[in-house]
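Same chain, two partners: chain A is paired with chain B first, then with chain C.
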Partner chain A sequence: MDLILPYLATLVVFFFVYNILTWGLNIQFGYAGVLDFTFITFVACGAYFAGVFALGPGSQQNGFEWILGLNLPFPVALVAGALAAGVLGILIGLIAINRLRSDYMAIVTLATGTVLYGLVSNFTPLFDGFDGLAGLSPPFAQALGLNSNQFTYLWVVVCGVVMVICWFIAQRILNSPLGRTMRAIREDQDAAETFGKDTVRVRLTAMAMGALLAGAGGALLMGFIGAFSPAGWTSGETFVVWAALIVGGRGNNWGAIVGSFVVAVLINEATRYIPPVSVDPTLVPTLRNMLIGASLILVLWVRPQGIIPETRRRFLQLPLRPGTPPIRGAERARG
Partner chain B sequence: MGLIVQSVGFGLVTASVLAVAAVGLTLQFGVTNYINFAYGTYLLLGAYFTWTLSTKAHLNFVVAALLACLLMGVVAVVIARVVMQHFVSRQAPLFYLLIVTFGLSLILSNVIEAIWGPAFQTYNLAVGNPLILGPFSLTPNQIIIMGIAVAAMLGIHLMLTRTVLGKAMRAMSDNKDLAQVSGINTDQITTVTWFVTGCLAGLAGVALTVTTVSFGPASGSNFLFVIFAAVILGGIGKPYGAMLGAVILGIITEVSAVLVSAAYKDDIAFVALIVVLLLRPQGLIASRGRA
Partner chain C sequence: MPVAEAILKVDHLSHSFGGFRAVDDCSFEIAAGSISALIGPNGAGKSTVVGIIGGAMRTQRGSIHFDGRDISRMSAFKVARLGLLRTYQVSREFAGLTVMENLLVPPPNQRGENLLNALFRPSVGRAQDRELADRAFEVLETFGLLALRDEYAGNLSGGEKRLLELARAVMAEPKFMLLDEPMAGINPALIARLDGHIRRLRDDHGITFLLVEHNLDVVERICDRVVVMAFGRTLAEGQMSELRQNPDVVRAYLGGGLDERAAG
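What follows is the complex of A and B.
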């Protein structure tokens, strides 16, 4: 019992964090159709900025160097990380989102992510290069006098609270006029533009909100693990979130929960506890990655809408009978 | 100054590798009308095939490289027929295809790691003494790579302009439906295109890994978007544009490696990509049509 409970709690933490991440990608891609192939970069941005807000100043003598080092309490660092990721989302969006084909969007996001990865890894004064941030003591643990197991339980609660906030944000956007505009752009950008929607601005908003959630998730990971380095955000990690969204069902946030459970918890995290094969220690991780890639292609093959499909919304029932009073929803539709 | 002139020489070597890869990617894009995000792993797979054939099966390096290119063409066709064809024939939205190729790149790079392991490999090739050619000093291997690239480009040019196959490819690239009603067997042309571009990917992979000397399972990933940059610079789907883009990018990245730092070579390529996207998204060689 002493071993199983903390283990399960750890899985719950990852499940909650991946829910937040998958909702973030859902806002970007599921709502607005932005092909963000560098989602993990926003997670990393949140983790790094939360880290440098919460950690003390790095000292060059000890070989640890990073910017800021403000020693602020974790909740402040969490908000800072989320906001930093949101700003990065707008910056990358400004390059990626233009009136060109969606191929360009995918290429530009992927390229930006690769460049940022190289920059953060090579330029040590920023976030200590390949070594990354380390040494963040578990937030609240000292003040509350918790041991490491109790801290894990505490983190389940912290992640749960942040997750509920993110759920309300994601659902609020989904059901708002903004969310409707996003879906309209996803379905037909030209048509949405014809109706006077500023498609670039709306997709930038989606990019920023999705990145905000990604940053919050990254900050939670930083607080839980206490360290973050480039090894934690390779492009394969982006794929885990993508697979979670596609497998679970994009465009609705329940599907994202199912997907993050199946992909991120069952396949990605739980298999980390399979003992490595002695002859080939990289076999289990490579098989896991192949499985994630295959599950995504398989779902697109047999059930492209995902496990829980997006419900088709009926806005106006046609044909309209003459004398039908104006539908109340019609007033709200002006986003 | 001498260093900069010398780096132009290296730039031409990089440009040769880049041109072969970029022409392959852009040719496939023109005919199939979607970007293949697994293309970087195709390059790497070609390099590993060559490595196995030359160091494990003890074949002559040239024979091994040739066989690996053909093998890579077959692999590209098999992947296209088995996986991509399913989505293309159902007229799936474009993003399905992009996500599927993105997924394929993850699967393939892990297949590579599972088969060949995470360690770095090198070919059994003599580097040779550098030869002085005018202002440049290049190794025999580098000169051979440039020669092969020029030959490949010439071959592609002749194929596109002189053969029925090449004309059909260009017709499909212009307008697939019109090509089909004109009696072109678009299915067959697509398959042949995958084979040709798969071979080009294999060739580019071998050339790339000969110039970098050692290579590992992650080697293709950074090069992929230098290829993208060359393709977009030249105008997506345009083989001659890709050649021009490759030459420009090859020289820019190598000269910048001398002027700034070799660590930021990729970033320079990225800046070039962004500038082109913002100022001239249709590419340097503009024409009516896509983008």
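What follows is the complex of A and C.
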């Protein structure tokens, strides 16, 4: 019991964080059709900025160096991380979205992410290069007198709260006229433009909001693990979130939850606890990646819209004016 | 040829693709409240002119005025916001949205499109949606699409998609509609319905129409005035019945034009 519960709690933390990430990508790709192939860069941005806001100043004598080091409480750091990622989303969006479409846009996001990866990894004054940030003590743990297991349970609650906020952001955008316009742009950008929609602005909004959620997820990871380095955000990590969204069902936030559970938790995280096979230590990680790829191919083959596809918005039940009864449309319209 | 109360003025427009002059010093005017047509043989430059007017292509030489404003260098969505709406040669429905949703996208000034309203005041968007849905129901009814309102637009037949495009355009409340080959690939019965809708929209809503159309019978039936383009410029203007007698127009349509261009 002492072993199982903390282990499960850890998986729940990853589940909650991946839900947030998958919703973020859903806003970008599922709603607005922005092919963001560097999603993990926004997660990293959130983690790094949350880190340097919460950590003390890095000191060169000990070989640690990073910008800021403000020693602020974790909630402030979390907001800062999310906002920093949102701003980065707009910046990368300005490069990728402004004049480019579909595949070209995707290539530019990938390229920009690769450039940033190289920069952060090699320019140590920023976030300590390849070694990355480290030494963040578990937030709230000391004040509340928690041991490491209790901290894990606390973090389930913290992630749960942030997740609920992110759910509201994602759902409210989806169900608003803004979400409808995003989906129209996804379907046909030129046609949306001919109806006076500022498609660049709307897609930048999607990019920023998706990145904001990614940043919040990254900040939660930073607080949980206490460290973050370039090894944690290789471009393969972007693929995990993409696979989760496609498997679960793009355009549907419930689908994103299913996808994040199947791909990110069951396949990607739970298998990390399988002991390495002594003959070939890379066997398990390799099988894991193959399994993610296989799940993606399987879904695209038998159910390309995902496990829970985008919901069709029916207007039969919608009352037209406040106070008027719903439309008895089916009989009248089809009969 | 200047017209009274021109809503659209195309002035000395020229456009080249590499070394090829698709549009060569083309000028014409469209009267407000008219149903006009832009016709001409393939390669006359009609589609290029449409692309430039709609803002999809950048104006290289010349100018375009719409409703008294210079729109030559405006981007497509800004032109659309002035009330100039174009359609495409192929149907461009929002395939993954329902028919109803297709009609709710176009209306301008939707407060629910504001991010802060979407996040913190969803009731604002919902209230406006209710009014828009009300109007959309009427529009769907007049276009005979009401039964299909919950269907994905991508599942409609070719003719239904054409009707949907027109219905969707009405929701945008345009002043001017630029229809690029609206009758292409449509069966004759539906053509009669479409041109009825076009006339009704002009009469009831005062919308000016400019049709790019190859079906000259339709043009003769519903258009007040016709602009003929050939070799990138305006060849003739007038009523279709007169133009049928015009030797230049007949020659441009039946060929032999290339020799003339080489000689000129």
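Assume the second predicted complex is superposed on the first by the 310 of 335 C-alpha atoms of A that agree within 3 Å, B and C clash if a C-alpha of one lies under 4 Å from a C-alpha of the other, contacts with A are read in each partner's own complex, and residues count from 1 in each chain.
Basically, a residue touches a chain if its C-beta (ideal position, glycine included) is under 8 Å from a C-beta of that chain, and two chains touch if they have at least 3 such contacts.
Remember, predicted model here, so these are calculated numbers, not experimental data.
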Which of chain B and chain C A:173 touches, first, second, both or neither: second
Contacts of A:236 with chain B and chain C, given as first, second, both or neither: first
Touched partner set for A:118, first chain B, second chain C, both or neither: first
First, second, both or neither for A:294, with chain B first and chain C second: first
Partner chain(s) touched by A:131 [first = chain B, second = chain C, both, neither]: neither
Contacts of A:192 with chain B and chain C, given as first, second, both or neither: second
Contacts of A:184 with chain B and chain C, given as first, second, both or neither: second
Chain C-touching residues of chain A, taken from the complex the two chains share: 169, 172-173, 175-181, 183-184, 186-188, 190-199, 202, 205, 209, 251, 310, 312-316, 318-322, 327, 329, 333-334
Touch list for chain B against partner chain A, complex: 34-35, 37, 83, 86-87, 92, 94-96, 98-100, 102-104, 106-107, 110-111, 113-114, 117-118, 221-222, 225, 228-229, 232, 236, 263-264, 266-267, 270, 273-274, 277-278, 281, 290-291
Residue ranges of chain C in contact with chain A within the complex: 54, 56, 76-78, 80-81, 85-88, 92-98, 100-102, 104-106, 108, 110-115, 117-119, 122, 125, 127-131, 133-134, 137, 146-147, 149-150, 152, 168, 172
Residues of chain A touching chain B in the complex: 33, 35, 37, 95, 98, 100-104, 106-108, 110-112, 114-115, 118-119, 122, 235-236, 239, 242-243, 246, 280, 282-283, 286-287, 289-290, 292-294, 296-297, 300-301, 304
